[in-house]
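As structure tokens, here come the structures.
One chain, subunit A, appears in both complexes that follow, with subunit B as partner in the first and subunit C in the second.
Our next item is the complex of A and B:
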């Protein structure tokens, strides 16, 4: 088989790293349940602070990195991981798009330090960016949290030496196949038509509109989407929805610029 | 309001009886939607058989949204054998007509093994239609069927009370059986066999069955001319106007009884010598649909993709199979967040290509 050839013979060495985040994406590995047992038999997860007492350094064949570098030492760790890894996967929407921490871009950093970290104004913090700002990223596993299905697809693909087949199409396809009630047609602001599939449409399936945590589809028609979505919500609320998880996605920037021009 | 098969105890009993030997799909309520579901797996109220569209069309019984084609393990390939014992109950005239055309489409050129095994082993039973909002089968030529198009047909035309009574009583389901009875029409030997245990009188089919006439009088379409008209409309601004509204969400083709595009995906296991090949529904409205190895995309713009959808239905299928690849069910319009209505699209095509 033409898979990744393990760095040290035997099985692939996998590292799971967390920068600033709520670590929910790492937790998804533990949530793999039965698949996790099969996974640890198939690859060597040598670095996984959430689950292991002793963690090894590189080299790694695959590194999953969740979160964003928000402190200089995290940036150094990210760069070190990159140097010692063959395939680096951004795990989740923080590392892919800045995630919730990137909301800082819509506020003054000084103010945030004052109100959120009262008494710690000298906090040494970086501006938040996706990890691709600093290092080469080979794969993006989007979502808040990343999807278990995509984690397994990525590992099995790399073992076999094929490209992971992550879904690029909108949520609506999977939602319609599940024959869910369409919330957008009922007037609720569901971002499904312009958000990438891959989570199993978990929110619309329980009657909650998609909040777009997996980020935009390729070439989303945002102009028409805004017109349709503002039938069920206000423009400011809609913009806030787009700013929640993936505010640094390139596809959204023109929309935010136009919004900044308005306010 | 409880009406339909569970309001008609005898019909319910019969379907449950059939479900002992077959997988029987009927349109039943789930989460506020009407969905073809398996009898016996749901106690859900069944919506009026004669009205309302389901989310996914009956084609899902024969061309499932996701199916395994084969699995492999240590160099051995194990083909997946499709199920072939499904009864789908409750198709309207346009759906039966679409089923005939879809089957012709899956048979010509390169017969589709998995579809045909399921379809040929399947039994379809129609039901009188009361029309749904936004449907237009008379324009697309899918407003009538002949006996070969169905195995059984439940004719409720003598029984308007079926839809409105709220109970089956007025239609021979309860004690008061004085009112008109529904009747079954057999279109095949298989249908006749099933009907032997049915609670309705059986008649042999005599001729075509037509959909009821649309309430609003509507202009018919020159179906023979449409291929040339669609071809001529390529590049017209109507497609750009549609592209400005369309979200590219794919809802329209997923709910269409006459769309059949699929892609295959190969999955490997944690042991890389094991895996399986799946086929899943695709949609020409998605950006990646016409992207090929190397990254080239044959239909890069949304306007080309929308034109393509209509050209496949009203040009290519009309030319190769002699029928429009649109049954006129109106599902794509109903489920489209941007309200894109094929009736308006074709009216626009006719207008911009009208050289007379």
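Our next item is the complex of A and C:
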């Protein structure tokens, strides 16, 4: 089987698109270092305004979308990219789950704007949602930032004509493989058991509890997790932890609703 | 007639230029930062003091470590926490590493294609393979330094209020030292080359602001000083700096004493160039440019000089760290109400974080002032003068020149619109 058949008949056409974000995920492409040279030898990165002067329009075989559509023109761009792309990948936890900015849903948006812009409320700004609210998303490369390994795996797999092997199991599996000491046993609030693996368990490996930046694993047992986690932290602090990176993940909404009922 | 250039390319984030033409000639150009509001300062309210550094890091993917460490320093001030010298040295190393990574990204990947007639660093790889290889190695080195000390290249993990949760192994630091020494000669060569590039003839004296420390080329300590003789603590400076809110923009614009000012590598070099160490000082002196200098386009060259300085300083810091015991004492943190303001030199200029905490350690008020927002007024003034001086140029050539001018500021739109 050949790979994704290129739109232009030659090499795969790849676009890297930037919506409102910290640009850290698209920067990971430039951080690929040696792999970056390998990547540009294998595919044509025809759209990447952060690095290129001349940026082509579609069709694209693969589009990586970094960030959230926080303005009407960004939403129009996202929809245009979807129309002209075969495989659209959400790059990072902002595009996958709304990221850090999605915590705005725990506040009154008008109050937030007034606080930050000293009374000015009429900003041309959309509420923050994952890109899947607006367009079909084929792949999620989660994390804050997205994993370089998953970026390379995605491109490699699509060239080869297979699905990228993105891990769906929890962080704990990889943590055990690395023989890390378990932070839960030390009473630390580690979200590892309910967070999707794939980052190389970078935080627990240096003694820092997982912050859940890659979002929930498949079918997380939240009830049980909350019971264990609140042994090491207070319930309000645990909720604040879940609010950090992936607060719009559908799996978390029941927990947040219950929390809203309490406060 | 009005034309809009939707995307100033090769910068961090999304900026546009609106160009007003009369009979084919440009008479004014307007720059706009085009990203939505992420409202970080609002989102930080109600959070724990210990969460601010991790969240603030997400303001910017290019300089996350500097946001992270500046937030930590402000929190430690608010809580009256002091840290040991090893902790300070490791934090300094992370800021220098961020300079190495960010300056390499901007000078060689984003700005240099302008002066070598290339479309991008990727297309430079065929004609200038050696230079691109050096630039990639330097970028990797900066990233690896943050990784070794901070646990991850983009968005550090090990840093926290009071110290570090994990210390780098001695062998990894020694390895970084070795790589820094090896990379220094090629980095110096690239810096010299950048100094010899033909830069646009443009000069506009403005106010230059940076941290200044009599003992060193400042980046982690010091007072905020200006080229006009103003000097104050970061705390007092924050109360005199005005961030103007504009009805059509998610980016604020900085004013000091009613005027625009410049912060960044050119300001630091203008104020502290005598304190550059190692080969950095000689690269500056041997270049065809004299300092203080008022040509904003030279900011890119200044970044390459600082790259060399940061590498030399990093070697010195690692030597100091390796000469003693690599252990830190984590201070007891007594949660209390209080306020703290901290400033550091981010790659793009002075960065301020200010927090007020309640007696449970929750943030009740905060303010984050980024270099790109501070520089906006000055950049607009530069654009106006650049256009005025070149009103007889072809529109396309003039717009390209303005794009280069914008790029020379190394603007970070994510930071500006946080």
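Everything that follows uses one rule, which is that the second predicted complex is superposed on the first by the 260 of 263 C-alpha atoms of A that agree within 3 Å, B and C clash if a C-alpha of one lies under 4 Å from a C-alpha of the other, contacts with A are read in each partner's own complex, and residues count from 1 in each chain.
Please note the rule applied: contacts are C-beta pairs under 8 Å (C-beta built on N, C-alpha and C of every residue); 3 or more make two chains touch, one makes a residue touch a chain.
None of the values given here were measured: they were computed from a predicted structure.
Chemist: Once the shared chain is lined up, is A:223 touching subunit B (first), subunit C (second), both, or neither of them?
Modeler: A:223: touches subunit B, not subunit C.
Chemist: Just to be sure I read the superposition right, which of the two partners does A:36 touch: subunit B = first, subunit C = second, or both, or neither?
Modeler: second
Chemist: Just to be sure I read the superposition right, which of the two partners does A:58 touch: subunit B = first, subunit C = second, or both, or neither?
Modeler: Neither partner.
Chemist: Name the contact category of A:156: first (subunit B only), second (subunit C only), both, or neither.
Modeler: After superposing on A, A:156 lies in contact with subunit B but is clear of subunit C.
Chemist: Is A:177 touching anything from subunit B or subunit C once the two structures are fitted on A? First, second, both or neither.
Modeler: A:177 contacts subunit B only, not subunit C.
Chemist: With both structures fitted on chain A, tell me whether subunit B or subunit C touches more of subunit A's residues.
Modeler: Residues of subunit A touched, subunit B against subunit C: more for C.
Chemist: Report for A:123: first if it touches subunit B alone, second if subunit C alone, otherwise both or neither.
Modeler: The answer is second: A:123 touches subunit C but not subunit B.
Chemist: May I ask you to decide whether A:24 touches subunit B, subunit C, both, or neither, giving the answer as first, second, both or neither?
Modeler: second
Chemist: Provide the residue numbers of subunit A that touch subunit C in the complex, in ascending order.
Modeler: 18-28, 30-31, 33-34, 36-37, 40, 45, 49-55, 68-71, 73-74, 99-101, 103-104, 107, 111-113, 115-120, 122-126, 128, 144-145, 202-203, 205-208, 211, 237, 240, 244
Chemist: Which residues of subunit C touch subunit A in the complex?
Modeler: These residues of subunit C touch subunit A: 7, 9-14, 34-43, 45, 47-48, 51, 54-55, 58-62, 64, 105, 109-110, 113, 119-122, 125, 136-137, 139-140, 143, 151-155, 157-158, 165-166, 245, 247-248, 250, 252, 414, 417.
Chemist: Write out the stretch or stretches of subunit B touching subunit A in their complex.
Modeler: Interface residues on the subunit B side: 30-33, 35, 54-56, 65-66, 243-251, 254-255, 265-273, 275, 281, 283, 286-288, 302, 335, 337-338.
Chemist: Tell me, which parts of subunit A touch subunit B in their complex?
Modeler: 1, 3, 38-39, 41-43, 153, 155-157, 159-162, 165, 168-170, 172-173, 176-177, 179-182, 184-185, 192-194, 217-221, 223-225, 228
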